[in-house]
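So that you can tell them apart, the chains are marked A, B, C and D in the order they are listed, and the count of residues begins at 1 in each.
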Amino acid sequence: MSVLIRISSGPLSSERLPHVLNPAPAASLQAPARKSQSNSSSDHAENISAPAMQQVGATVVFEGVVRANEAGRLIRALSYEAYEPMATNSLTELARDILCKHALIAITVEHSRGEVAAGERSFRLAIDCAHRKEALAAMDEFIDRMKRDVPIWKSPIYI
Amino acid sequence: MSVLIRISSGPLSSERLPHVLNPAPAASLQAPARKSQSNSSSDHAENISAPAMQQVGATVVFEGVVRANEAGRLIRALSYEAYEPMATNSLTELARDILCKHALIAITVEHSRGEVAAGERSFRLAIDCAHRKEALAAMDEFIDRMKRDVPIWKSPIYI
Amino acid sequence: MTIRVLIFGSLARELSCKDIVVDVSASATVRDVNQALATKHPFKAAFFQSARLAVNHAFAKPDAPVQTTDEVALIELVGGG
Amino acid sequence: MTIRVLIFGSLARELSCKDIVVDVSASATVRDVNQALATKHPFKAAFFQSARLAVNHAFAKPDAPVQTTDEVALIELVGGG
């Protein structure tokens, strides 16, 4: 099982992060959340084992894109503010909880902070699992709970 | 609105197809499904307009990966057989139906035919839409109906 | 008249062939083709009686007429994707 | 004692500041901080009374004690992502 959380400045790259950073025993899931983070990005990874990867039958990726209008007004960008380290820690806890509850294999979360222009990606959630139904249910629950509980705020920057 | 369907030989590339092939008026959705296809791949595209793209707030991508075991036995690969042109036509009709029903902006479907080794991708469904809930519901319904109605068969190739 | 019914997947592997040829009357419908398949393969009669047939690349209703020049295919899926 | 409560997002823009400083008793709980915020901003009293507070980067229950050295933050979200 693997959990990888990254909050980084500006729009997300169009490339997904690899789920597997360093193959390691599944016990790493019990490692404590990293409390520190640099100014430029916060990045928290737990690792996935090779046997677990062989069970992956479905990968579902959700990408949130900044839309050109917000509540009827045209915007140039959204600016995201993350309260760290709580934002990274709560995303990590949420990911672990969802991973266990839905019996997933890996969750990778990327979220922007700072300015993201209209049309660019600000959020990506990738879920690896054996079957599809769990992944879709997990994705829906993850995003609902993230919006409610993870201290990241967005502010519109109007044209 | 855009529908792009491709059935091609072997594993899918890790790169997603672009949703926008040739910007064109939305009326192209009413174009008849292409009935012909080459031996090497079948590819059916309808186009997306630039204003529609600006409404995209969420992209959800499902990827199906060949698992190393099938019904408890280790496999080397799955071999997919598509009955053409019915497979491409029925995927196209399904995509149009789901697109209208869930008010989506674009659907791109890629499916392998022939041999796909364990660990490789054989199916990808990408949905662009304004909001997330519709995309997840649409994805679930698309895959259920595809498995029931689209003439593509898989055969295990054991180790 | 003679109707050649294309078969695929595990059914084709099981029967070691790519089609099943059946004889039906000149006014036959899809239902008659299903029945002829069931008669020809009595050990899988229930399967063939309810199996979905496509005529010229579209699913056909039981009452639809069939001609010898039609492309008929048995589309019974067990979860692709 | 003095508690500095960090604020974010539209609330910070509305009040044109990054924190709100309130005075509470030495034995104050999270509930007392909520109440002190509501008293300080009577036009948003209902909001501040029910707003969720994090103490040292974790959501805190109303009964949890608060100390002047704690990092207190008001986490009221309106749909991020």
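In the analysis below, contacts are C-beta pairs under 8 Å (C-beta built on N, C-alpha and C of every residue); 3 or more make two chains touch, one makes a residue touch a chain.
Just so it is clear, the model here is predicted, and its values are computed rather than measured.
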Most widely separated chain from subunit A, with each centre as the mean of CA atoms: C
Between subunit D and subunit B, distance of the C-alpha-averaged centres to the nearest whole Å: 49
Centre distance in Å when subunit B and subunit C are each reduced to the mean of their C-alpha atoms: 27
Subunit A and subunit B: spacing of chain centres that average the CA atoms, whole Å: 25
Per-residue overlap in subunit A, given as positions that touch at least 2 other chains: 64, 143
Those chain pairs that satisfy the touch definition: A-B, A-D, B-C
Touch list for subunit D against partner subunit A, complex: 6, 8-10, 13, 54, 57-59, 73, 75, 77, 79-81
Contacting residues of subunit B [partner subunit A, same complex]: 53-65, 67-69, 118-119, 130, 132-133, 135-136, 139-140, 143
Contacting residues of subunit B [partner subunit C, same complex]: 64, 80-81, 83, 85-86, 89, 111, 122-123, 143, 146-155
